[in-house]
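Below: a set of structures, written as structure tokens.
Okay, so chain A shows up in both of these, paired with chain B first and chain C after.
Right, the complex of A and B next:
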């Protein structure tokens, strides 16, 4: 299930084709079960709050997991990943408002826009390493944010995209119905996670880990490091963009805050919270952060202090994310039982 | 996958789950049946740079709610406020607003958000059909644009275009009297700053056609150092300066411009000066800055307004802000509309509120009106005056004429394609 486990398998050179295939079936099965559970949730509870919560989890979860493809798997710590979240929200909102096409068409159009922008930005950024990469991505994020602010005639400036985003029904799905929107978001989340999982477990995914651990060695083996990095940068951007689209659907608008650096910061924080060594770490982090945020803001406006203490606890106390911690604990116990 | 006993959900936990489900389903009904109180939700900004304004909104609302509750509440139901922080983020504002309605059972919303947050809450009101009053967003299009219009949303905040009309005509009169032809502007670089300045200049030029803008500065929002802006303006040697900087930005600007003795060299028009958050913070408030009123207890110069400002100060230890009166007005209007409809139901209140005229300490003639056609507040006190360094800070305020305001507003709406 976890990357560390899988790496262990890889190190013994036992990842046969059949093994990979059975793992893929298992992933699909887990995804199906997860979707069924989520989809049956509205039958168990009438709480709209819970449904809202899951919709937001889908948006942030896709965003944070895609960031982990860069941070955890490739070692590219992007400080500007939020720009693609914002781009998704604005791209989708603008296409819907200006052209009046159907929702699936707007979705594909937004992904194409993201593809182009991410390829251009990625081509410049992934040449750089470490802190330089982080800061250039941050710079591009601020460039996109400033563009949104100043291009008032198109984006509405700092007031955001106003007047609501139309949600015409398609294929019997009516996204202005809360339940339909919920199921739709769950489906996007599960499909998105499944696809990212396949990327992470593919030979390409292992190439990324190799680049992370030793890029020089990877290029000596004959891997085109630049191309691999650019590919994952663009792929991650596409998933972040889907997250942004879900958010735009949820709030029925797009706001410059979606493309601000604080969104990228939240992504990094979610990854710290959940852990970067397991695939589902960021998803767990998302759920944790949103629960924390929602409960703490209910009781106090000094939520900054509470969240700060939690960060300190994870950074100084645990020194790793929750899923990392859980996985290590599990591995230790297993080893002890074996030993 | 073969197991003798699949660890599914046991009968006991199924029953428990069903019970919990039934309880959740029933809870709103039970709660509503017992409802003596009516919950009013209010997302606002209680943390970050504008927290002071959010807090002053909350204070004003609580001050008025106490009065309404003491007088019997809304159609016999006591008001219970549920106020939450949105951190000034639109997605949080939308989430909080939905949570207030869906989970906390709030039947009315007071949207004390600024800028983009107000538009996010507006979409929630559109979605859920819940009654909503925007109290802080001055962006004209929120109510002027027919695309934004929904039957359940209102606004008690002042409107940007009203300010520009009054400010422009006031400045034009002084420009003519004193022969001020060369003007400079200095406003924050975001939508509010750009739009407000453009509209102000439009009306200034309309009333005084020979005015010329010779220099424009656009400092960043929350910029700490204004030296380059101040020197740029001084070099351009204008006869008058317009600025819509506000809050901390305005006070730092004045403190820094004072070092260069800028205020002695030109007439300064700062629309957001006459608010206690700015007036009481500036170190040496120069004499003679022209400003629009935001909230001051001496304008309108009525005992009701003074009493309201003093009651607020007595309770919270500081003077109210522009956001305070706007939020207080929302509660006053809800109370009056509920009385008129003899109901606390959001739909009936909305119906009764259309065109409702109420007595108000903040009215230009002692009353304010919720205009029926576009659901925005008119008739509130609006005027300009000049500052002095101590209380009452702006002793003489020249009132704006609502007849002119409404005529020019209608014209402006047409030019924007809104009417």
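Right, the complex of A and C next:
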């Protein structure tokens, strides 16, 4: 509940230019440290499995954190956010396969495609509330998924985009080199998280919190609720799309599962695991889910049952995500120390 | 000046607001009274854009506001507080004020800077002090007492520097003592800010004591309007409203 307090702490006492600025420097510093640690990981271990794990975390982490901008910050529970993950993967793969442009150009082109599609879909969806919003986003997800399945000549249908996606080197970066791909993914993850953190802590981020808490009141404060919801819907789609692009780069292809509703479901699951009241909750959830997936599938083929039990534990037992739980514990302890 | 002319709104066959014509002079303090279902809240909802009128005009300083959206109407200078405190439960008092000023300064969609913006600080501070909420600035709104939540709701309207402030039952759900404290606050704000204040109130003692002008609504129509003395002597008002209440009190 008091994420606000968590993040501002004593600094709310003195609203000053330096306070807001130093917060930003702190975030950049944390990002730099995180990137340095991730980037030095290959020097400590030669485990390809671990590096692959981090790449997958980057893809899913960006996706899940962007979903939290909708669910946790704006109160828009999208069940179709995965469509933009799929769109990113397919958009990037197709642009690379069909046009032969360089990777940065393909990235920008895919973001532009996502921007257009998300604006159209968002313009329809964000007018709706709660369960209606959830179901219409789900419907659009299924629409995109069926389009991918049935447009065989373009997308390869249920076989996916095969034949590999070319990875021409650019600016001295060769993404067919596993180490380069790893560093590139980490950089995208850290930059993406930093940008999303900026959105969450900007005046617009607080506009979103107002809408989440009480949209009717927000409009009586002079906020154009529809426009704000559409803006965050599109912004979140762009970050999800980057996640999809990392995935396409990683597997050198794109598959219909990337655009299936289960991706959206996993996004929601990750947010439940990690918690939606802290910025890094979804990132923690991503790591948890991927570890769970990897270990459980090694022991049993019924991994769905195990995941189901875990989700029940979090939903019914804990009633919140791991980071929510940790934060509340921390806040209680701090309050007790203060008396 | 806020001028309402021929304002009407029906729900099905029920005329919730029926051809209401009224002026509110700049800097006036007016109480709106009337039995339950008289259309008082509907009247506010029409002025603030929460409902679209079927007919009629709403002019603020000559600008037509009827049919516009709530954010537009707020920007033209009509602020409102609600019968049930309408606040942002997870934000602190201070964050609520700062975010509202942000919105008023058309900075609600700024992405490249950090909240809070320094230029929003003075106005937020001023509003918190006016409502006596400065000492509770770091309290999360949901944890405030009922009375403080009502004050925060009013602060949320006042921080936008409105020309007209509409208060829908500022004393709803309060005990007698708290009511008087709240209504003194309202009067104090009106005197200090020199804005037009219109409030809905059920407690007749309060209304007759503090409102220089009273409007009585009944079945969506204006039954009477005038000074407390005029209203007290008005036959129609006694029959429709005061009389029954006094009668009930006697029983």
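Here, the second predicted complex is superposed on the first by the 325 of 339 C-alpha atoms of A that agree within 3 Å, B and C clash if a C-alpha of one lies under 4 Å from a C-alpha of the other, contacts with A are read in each partner's own complex, and residues count from 1 in each chain.
Following the convention adopted for this analysis, contacts are C-beta pairs under 8 Å (C-beta built on N, C-alpha and C of every residue); 3 or more make two chains touch, one makes a residue touch a chain.
Just so we're clear, the structure is a prediction, and the values are computed from it rather than from any experiment.
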Would you sort A:303 into first (chain B), second (chain C), both or neither based on which partner it touches?
first
First (chain B), second (chain C), both or neither: which does A:207 touch?
second
Tell me which partner A:294 touches in the superposition: chain B (first), chain C (second), both or neither.
first
Check the residue A:222 against both partner chains and state whether it touches chain B (first), chain C (second), both, or neither.
second
When the two structures are overlaid on chain A, which partner does A:199 contact: first (chain B), second (chain C), both, or neither?
second
Contact residues common to both interfaces of chain A (with chain B and with chain C)
none
Which positions of chain B touch chain A when the two form their complex?
17, 21, 24-25, 46-47, 51, 84-85, 87, 89-92, 94-96, 98-99, 102-103, 115-116, 119-120, 123, 126-127, 139, 141, 145, 147-148, 190-192, 194
Under the stated contact criterion, what part of chain C meets chain A in this complex?
48, 50, 69-71, 74-75, 79-80, 82, 86-92, 94-95, 98-100, 102-104, 107-118, 121, 124, 137-138, 140, 142, 156-157, 160
Quick check on the complex: what are the chain A residues that touch chain C?
1-5, 8, 12-13, 15-17, 20-21, 23-24, 198-199, 201-207, 209-210, 212-214, 216-225, 227-228, 231
Which part of chain A faces chain B closely enough to touch in the complex?
44-49, 52, 56, 149, 152, 156-160, 162-164, 176, 247, 250-253, 255-258, 294, 297-298, 301-304
